[in-house]
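A, B and C label the chains in the order they appear, each numbered from 1.
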């Protein structure tokens, strides 16, 4: 009898153990606050709804290098049976490449919330077709941050900015192109402003002759650089704004708000989206092709992109623009939280001046052109 | 006898070599292949051409930064280790001993983190100087450029070199030093003429290790200084992250490796010359 | 009388100068660390304020929150570092002895081989290592991370061990042999104890190297093995100064403890050596 009980409990244990040992590995390319968002906000909610599941959240570093690490890890695991990651949060450039190389699973058909997204970025990632492979987690935007105490009338467009910089040398700072995407976005904005046809760069098709038209823009940028401070990284620009060493610089809007919330920026800092605009980009939720937990991963993403979570987590907690269409958030959010998103940059500014990054081949041409003609 | 000793030596060194071979040489082989492969899949030096065309300035910048850092690190380490060994004021030696090692515990990334808020124009350092009345607020300059990189490297590496040097100095024969002192030589002369020559090999080992370590650090140039010009590690990371261009990144890696091999060879030459003299 | 006064004055001036230099040195050393400590308790700090506007422990609570895994990561980090030191020393003591004492063909070549992993920037290498480890099925284990860290730190332990063995007086070994000790016994009772301070010092560097390592851990350890530098790296790169500072301070604890412990050991041994 005792042996039977023992055997029974043992069997129960064996049967139960795989269930309780179920882990969902979520890898985020981004700042620590994104890793913590998954760990502290999404994971407890998901674990409560799925007893026996443990969500493990790891970060791979901010910026494209974080996404690149996820790509490299998935690529290294091509020969393995199952990948280490079940859900990945990645940038646009990596998303296009991963889809092309078959590293991602076409999952959005299984997730109802995918229908709540109509934006172009959910289908097209820097010219790569990613429809079906990604759902935006949030949308972010670059803009010029400036100290309203030192600067009453911020420049409305890039030409005015260039004028202002000439008059106020070393008061504008950006991080070049090697220190993070806010500097890259500024350079892209510069090329949109002075390098001809922005729409062509954003929509394609790619024409290798196009880059010859940017020489003047790059020469002007080289001249412009003489009067600016090159900062160490996205955080470096914010850092110099924090200490009042520069009065203006390009930043990610979400970083700007979280720095301000963390008490690392003066309360009188404001944002300005100068014409003809600067790029923004979404972060994507995706599922690796060889994830062993596809079903769970889909359920996790469905939760993360549900209107309530997008309203409370993405907009209210982090001041990110929602990944799903804004109209789905109606009634889920108090007006104050929603309005806060648009204090400095109005919805009208956004619709006019928020641009995507150029398609990948132009993107690379701009970066390499900068390396050759501006930095060198 | 000689043959068996040789076999024994190879036997003893084999496990260590095996680890390096498996976890470094074998993977390195793929990197080399990628650096020397052209777009058409054949052998080509194209990646090196590109690396040189775009980053020749950064190669020079890197070498200058690392050499300057090594120079100042060596200098600071000699002063510290010399004071520790020859200092006569117990209080000073004790304080110095308690102080100098602290940065040794600090990872490079933390050092970079400290320095980027410390050395900035309105950072803690300049603010302290202004508060003490040493400089006027308008005189404050930012050190977040090549000077910042060198300062961070020297700050972080000096304890390492000083620790090894102080160990070596403690181990040399005190009698000759005492004799020098008794003959009336100043402590500085004793240090330079009597003590240092005996510990030169240790200093060289420490500096060569610092040299290669600094060459491969990414976080310091990335976080402390703007990216124009910058060090090769930043360029490598940028090549990979922005373009997925492993070929050029690996070519830059090979260039870095050649630079550090140069340093290693200088050290080894010296070591062999000594062996020959023995 | 007058001469003595001048001498006393000169001594006082020298003491003042020394104290001043020491103070400047302390500022240079401690300043950046004080900065770190300030940031860890700064809740709000921005221009034009020279010191934090308000202080608090909000970020300490955030790092040590129940769902946070700072302490668990710290434990893993230290455990890995200790194992790495053991592996590295086990490999480097025989290798160092061979390099220092035995006739080895192409010695210079071998020395450079050990330097290689430290010299070549690592990302490209680790991707390939991860590939190999996936094939072997050991990716994501502490064992794999230890191997990678050991290969990286081996240059410290081998080079310094070789130097330490090289510094041991051959006459002492010969004396031991002359009174009838076997080569093995001579090694364990004379050579190794005399070289111990250097070898222990090399262990410190391997330990610190391992504690600092990020890239290799990411490729062969994550997500099953996560260490503290991973958290630190994300926070520091993202400009999350408070969290980065706190993580850095936590990371200092094992290093300092390790160093204090080792220091006692080191001193005793050096003294013994001086006496012998």
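Rule of thumb we're sticking to: contacts are C-beta pairs under 8 Å (C-beta built on N, C-alpha and C of every residue); 3 or more make two chains touch, one makes a residue touch a chain.
The model shown is predicted, which means the values in this text are computed figures rather than measured ones.
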| query | Chain by chain, through touching neighbours only, how many steps does the shortest route from chain B to chain C take? | reply | 1
| message | Quick check: more C-beta contact pairs at A-B or at A-C? | response | A-C
| task | Express in whole angstrom the distance between the two chain centres, defined as the mean CA positions of chain B and chain C. | result | 14
| request: Could you please state the distance in Å, as a whole number, between where the Cα atoms of chain A are centred and where those of chain C are centred? | output: 36
| request: Quick one: which residues in chain A touch 2 or more of the other chains? | output: 63, 233, 235-236, 239, 243-244
| note | Going by residue number, chain C touches two or more other chains at 47, 127, 233, 237, 241
| field | Contacts with 2+ other chains: residues of chain B | value | 117, 122-123, 222-223, 237, 240
| Residues on chain A engaged by chain B in the complex (per definition of touch) | 63-65, 68, 97, 175-179, 184, 225, 229-233, 235-236, 239-240, 243-245, 364, 367-368, 371-372, 375-376
| query | Of all residues in chain B, which touch chain A in the complex? | reply | 53-54, 57, 116-117, 120-123, 142, 144, 222-230, 234-235, 237-238, 240-244
| field | Parts of chain C lying in touch with chain A, wherever the complex brings them together | value | 42-48, 53-54, 65, 67-68, 127, 130-131, 134-135, 139-140, 218-219, 222-224, 226, 230-231, 233-235, 237-243
| query | How about chain B: which of its residues touch chain C in the complex? | reply | 2, 5-6, 8-10, 12-13, 15-17, 19-20, 22-28, 30-31, 34, 89, 92, 95-96, 99-115, 117-118, 122-125, 127-128, 131, 155, 160, 163-164, 167-168, 170-171, 174, 201-202, 205, 208-209, 212-213, 215-216, 218-219, 222-223, 232-233, 236-237, 240, 246, 249-250, 252-253, 256-257, 260-261, 264-265, 268, 271-272
| If you look only at chain A, which of its residues touch chain C in the complex? | 25, 27, 30-33, 35, 39-40, 43-44, 56, 58-63, 69, 72-73, 75-77, 79-80, 84-85, 147, 233-236, 238-239, 242-244, 255, 259, 262-266
